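Per-chain residue numbering starts at 1, and chain names A, B, C and D are given in the order in which the chains are listed.
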Amino acid sequence: MADLKPVRTYLGMPLYRPKTAFFELSSCEGCQLQLLNNEASLLDFLSLLDIVNFREAMTEKSDEFEIAFIEGSVTRSDEVERLKEIRKTANTLVAFGSCACFGGVNQMKNRLGSEWVKKEVYGDHPVESGFARPLEDIVTVDLKIFGCPIKKKEVEKIIINIALGKAVVHPVYPVCMECKANENICLFDLGEPCLGPITRGGCDSWCPNSRFGCWGCRGPADDANIDQLREIMKKHGFSEETLRDRLECFGGFSKYTEAFRKNPEKKKEGK
Amino acid sequence: MKITTNINIHHLARVEGHGNIRIKIQDGRLQEAKWEIVETPRFFEALLVGKKWENAPWICGRICGICSIGHTLASIRAIENAFGIVPTNQTRKLRLLLKHMETLQSHILHLYFLSAPDFLGTGSVFPLMESQPDVVRRAVRIKQLANDICDCIGGRRIHPTRTIVGGFTMLPEKKELEAFRSRLKEITGDLLITAELFQTFHIPDFTRETEFVSLKGDSEYPFIGGDLISTDGVTKKEQEYRQMTNEYCVDQSTSKWARLSRKSFAVGALARLNNNFSFLHPAAREIADRFSLKPVNHNPFMNNIAQLVESVHVVNESLALVDEILDSAWEEPKQTVTPQSGVGVGAVEVPRGILYHCYEFNDTGHILKCDCVIPTSQNHANIQFDLEELAAHYAKTGKQDREIELLAQMLVRAYDPCISCSVH
Amino acid sequence: MNGKLEFIDILREKEKKYNRQHDFNAFEFTYKAEITTIHKLTQMENLYRVRIIDPEQGKQFSFQPGQFVMLELPGIGEAPFSISSSPLRHGDIELCIRKAGNLTNFLSRVERGTRVGLRGPFGTGFPMEKMEGQNILLIAGGLGLAPLRSAIAYVQANRSRFNTVDIIYGTKDPSQLLFAYQYDVWRADDITLSIIVEEPDTAWKGPAGLITKILEDLFRKKDKTFFKNTYAIVCGPPVMFKFVCTMLSQKDIPMQKMFVSLERRMHCGMGKCCRCNVGSTYTCLKGPVFDYWTVMNLKEAI
Amino acid sequence: MIFKVIKKEELKHLFDVLAAENRVVGPVEAGRDSNGRPIYAFDQVSDFNNICLDYTTTKISAKRYFLPYQEDLAGFRIDGKDWHKKINYNIESPYIFFGLHACDINALNKLDKVLLGSVYPMPYYAAKRKNMFIIGLDCIPQPYCFCRSMGADTALHGFDMFLTDMGGQYFAEILSDTAFNFLKNIKTAEPAYADRMRYIKIIAEKKRKFTVRVDTTDLANILDMEFQSDVWKQWGEKCLACGTCSQVCPTCYCYGVEETVNINFHEAKKTKMLYSCNLIDFAQVAGGHNFRLKRDARLKYRYYHKHRGFVEAYEESLCVGCGRCGEACLAEITVPAVISSVRGEES
């Protein structure tokens, strides 16, 4: 996409319009789709980036880019290679969505062992697949955009900050903070479990707004008190399994879920 | 002139997921035509094993970003069937409306963003923003409405949050729904203009006879649950879906393939329309007439038009649905769920064709076995054989390799394949 | 029958007899100012000269050494900065700003002529008038010289009103010394200036070590009466002023004659956002300049 | 003060007269909890039947009508290196608050002290506070209320009119002439001797119903002395650092400011967001130093600010004892429990 608009400035400072590429590894491509989704500001949004690679939406592609947004987790050796190639070119590598940041729902298979998993789905037909891993297990990640799916508003804000050369800061507080500002009825009052008290905010309590408990797609908040949530879950009559299911779901809490389940193969494959 | 060419498209663009097209032609004779699926599997069917039932819809929605609502609904239906839960009328209507809007959103995305650039000779929709802003704005308007309604009923457009086993976590405000009525009316006009736009396109004239599989309508154009039917005369019950799909593994694809009466079959908008033409809304039928689209149509490129026809259908149906919903008082949004052991199947028509979820539960509601059959998986074999015939045909007629390359891409795109979904 | 409430426009209600602080309008009132020069002091710090554009408003703007302003770049951020220039110059101030985050990094890239917003001046200042007739110790560590420079300018302008004046200044290494071009001018005004660096380079001729070392040397030269008649201003990181103030206290300088400036997070400058609270004292209202006795009594101050 | 008695059915009249021309906010049922008990919230109402006059404490205070969780302080138009600032106090028309309990009125009175006080009064708050007509309503003490200990069980000012339920009628205290004039719309009567005695009795009965007590004697000093106490560590271990307590509290007013640029780069805005001193970066400064890195330090600060700092400044604490924070806290950290542990009382 050639220059859509002349170079713009902000308070006299020229805006940075980075050559941007989008890539996807093992994922549902929902995060990329979200980019096309905020219809009202779509045109403004696209004008901020010089998109040189976006396979889901365009045929042309180029290998010259400054920022790479990568969606999905790494599960196969060719993806490892692709990722390393991208890292060589990109100044800024962005892990885009929970799969890229934490492994996402894909990493749930890690608990079962690759061989069993392959057999369960493909029988004796051979397929290659290893552990589902976040990007940072393979390469250095400069910026993470959390969420399953990502929130377009947040991405817009991040792109604006990149254009301005402003640092990107994520909320450090848990979802409860936003949930209360939205005046939701707490899920625990409704008799439902919720990971809001330990999950990083920024989604505007997307799920609790729908009276649906948080599953922790954005990973832990900066000062997440997981032990206490465990107590709370117990007190409200939820099983350890209910908590584990949620903690395990997106991989953001893997540090804690490993305590729940021993994961022998993880060590073998390692980094 | 006899051509010799090697077409090698690595990671086809403007489709969801990773697939390659490989065509070899020597002196006007086709040596090889191959539709390869290189997507990495994510093993949803395995990773759910041992998990409690409530995980399934939330996680399975993540099989696909475009039709996450369809996956969620199929998953919910499978569980409800297994547990013997019958959704209330209110729930059924809201789910259908949600489903319609996903169909609309996805079809419009495909027609305008993925498919139209081929007909307009551009590589993406981005240049059109400058050259034909009205077209893009129209697409955006329709898509936004569809998405807004999804947000309103499902909580959000991707990976919905309100749809649960037993109903909904909460209901939309009636006045929100009310407000959509006029917007829905408005876009019926936009869809007519869309039809006019597509009438100016040259749809390739290519046919290959095949079998078409979809849900079977009783009294209306089917979307959620019911019997299964094929144009070759096969009918089956929802829970017999395996006899309809017969999945098998092939080397050229990480997605499984499927077959029924012939070596391949097709699912999707065209298949639905071929099987259920009589149930189309009159306004939709009118559009079909304009394109002389009648059952059984065997031109895969007409799937684009079938999507357009369906878009008109769902918008008109939704208008009626909104009225019905507004006319009835809100009931309790959800039923209580009591797990029981057994097997449940949910068949749902998602934008790209019929989707099946099947779970086997133990008596605590833990998943013992999980199977998902994705529309695009069912289409892969059909795409492969279409591709062979298309390449052979045009190689003989001496088309330029560039043209063949484009036609091959357009053919695959016409199926609106959702590759990562098919591999899941 | 009437049940309609009347709308009350609070701004029309404002009470004119009070000064700006009591006016509803003052809350978000911003002086528009222009960056007239940018002077690079070190790798990390720039000196910005900022002039209030409206001359009338400029005249109104008066402050005491030690006070701070909130500087705002629309859309980028707003943050507190101590005024680093002479209080005699109204509406045309200098700010010495270190690159530390969003706003300050952006500032380091802007050009002259950029317009910024100023709110303030806020907070307490050093009680310069009280110190008249006395000796003063001006002790700065690192960026602490920025607020101190305003006090120095005050002393320079009123040199005859003060007894001996000592500036003691310490930094990590010689490249971080601020305002080096002014040292001779200060000395010319009969101000003793001692500088120490922690990590000297080969070109460095002066003493090396912590600031307390130089203080010890200095104190050895002074007698009891000196300490009896001395005020101190100590600006720098908390560890530094803690050590320095303890030393001064050992020399029997009363804690109420030592002044320090505290740095806290601030989002309003007007005693509303609570971000600057130490214990529960608003740094922006009761500070940033506190006497050391008060600081000792504030919980979590150091 | 002027007193009246109002028949119950007349109250609906009053509502209708007021609602016809104004926005009305009142307590409504927002849902039911898993035990089937109603959960109350303040919301805009247009039908008198939707107001729950017998409501217990709402889960979340009425704060957002005075201090919105998020509010734009100023907007900017950017023009080259120059810009224009536009301030909007975000209120266009007045509100009527129908049915605020004494604790919540007292909370506003406390907020007034800081936000309308002698230095830098806050126009955003003032614009809303001054454009709010408040009808107070008596309440039934709940097992978690300790407003009596905080001296906030009776509201003496800060409202226009206060109603006490006396069975078939309300006893009304009328504080503003606006209220007096509105009452001309409906039938009222002067309280007879029997009414007044009844009122006194009802009030006295209510006072007896408080079950929780917080000992506030010398609390400011005790907090000072027990600054290093180990009990803070125990509470800190439980704290989720989620900010819920501050968000539901009617008197917490701390905030953060963020500036953002619009996607079109011609506009920017400065937004205030209510923050909580329990969040990890509350006192973190540029360069990364955090003055209250530990959860216990932050939790302690919240108590310190409310029960000591505010007392020093205004001779009263910044807590009305509504009990909301303790009710909302999933870790069950309640003011009575914390304070009694600091006092070294066995629990």
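What we mean here is this: a contact is a pair of C-beta atoms (placed from the backbone, for glycine too) under 8 Å apart; a residue touches a chain by one contact, two chains touch by 3 or more.
In this text the structure is predicted, and so the values were computed from the model without any measurement.
In terms of the stated touch criterion, the partners common to chain C and chain D are A, listed by label.
Most remote from chain A, judged by the distance between CA-atom centroids, is C.
Comparing chain pairs A-D and A-C by the number of C-beta pairs in contact, the larger count belongs to A-D.
If each chain is reduced to the average of its C-alpha atoms, the one that sits nearest the average of all protein C-alpha atoms is A. Averaged Cα coordinates give chain A a centre that lies 37 Å from the centre of chain D. Centroids built from CA atoms put chain C at 43 Å from chain A. Computed centre separation for the pair chain B/chain C is 66 angstrom, with centres defined by C-alpha atoms.
In whole angstrom, the spacing between the mean C-alpha positions of chain A and chain B is 26. Under the contact definition stated at the top, the residues of chain C that touch 2 or more other chains are 73-76, 101, 111, 113-115. For chain B, residues touching at least two other chains: there are none. Residue positions of chain A touching 2 or more other chains: 10-12, 164.
With chains as nodes and touching pairs as edges, the resulting graph is of another kind, matching none of line, ring, star or complete.
Pairwise chain contacts in this structure: A-B, A-C, A-D, C-D.
Of all residues in chain A, only 1, 4, 24-34, 36-37, 39-40, 42-43, 46, 51, 54-61, 75-76, 79, 104-106, 108-109, 112, 116-118, 120-123, 125, 127, 129, 132, 148-149, 206-207, 209-212, 215, 241-242, 245, 249 touch chain B in the complex they form.
Interface residues of chain C facing chain D in the complex, by the touch rule stated above, are 1-8, 10-11, 13, 21-28, 30, 32, 72-79, 100-101, 104, 111, 113-115, 117, 263-265, 267-268, 270-275, 277-281, 285, 299-300.
Every residue of chain A that touches chain C in the complex is listed here, in rising order: 10-13, 164-167. Residue ranges on chain B touching chain A, taken from their complex, read 11, 13-18, 40-47, 49-52, 54-55, 58-59, 62-66, 68, 109, 113-114, 117, 123-127, 129-130, 136, 140-141, 143-144, 147, 155-159, 161-162, 164, 169-170, 249, 254, 420-421. By the touch rule above, chain A contacts chain D in their complex via residues 8-12, 15, 41, 44-45, 48, 156-157, 160, 163-164, 172-174, 176-177, 180-181, 183, 185-186, 188-191, 196-198, 221-223, 225, 228-229, 231-232.
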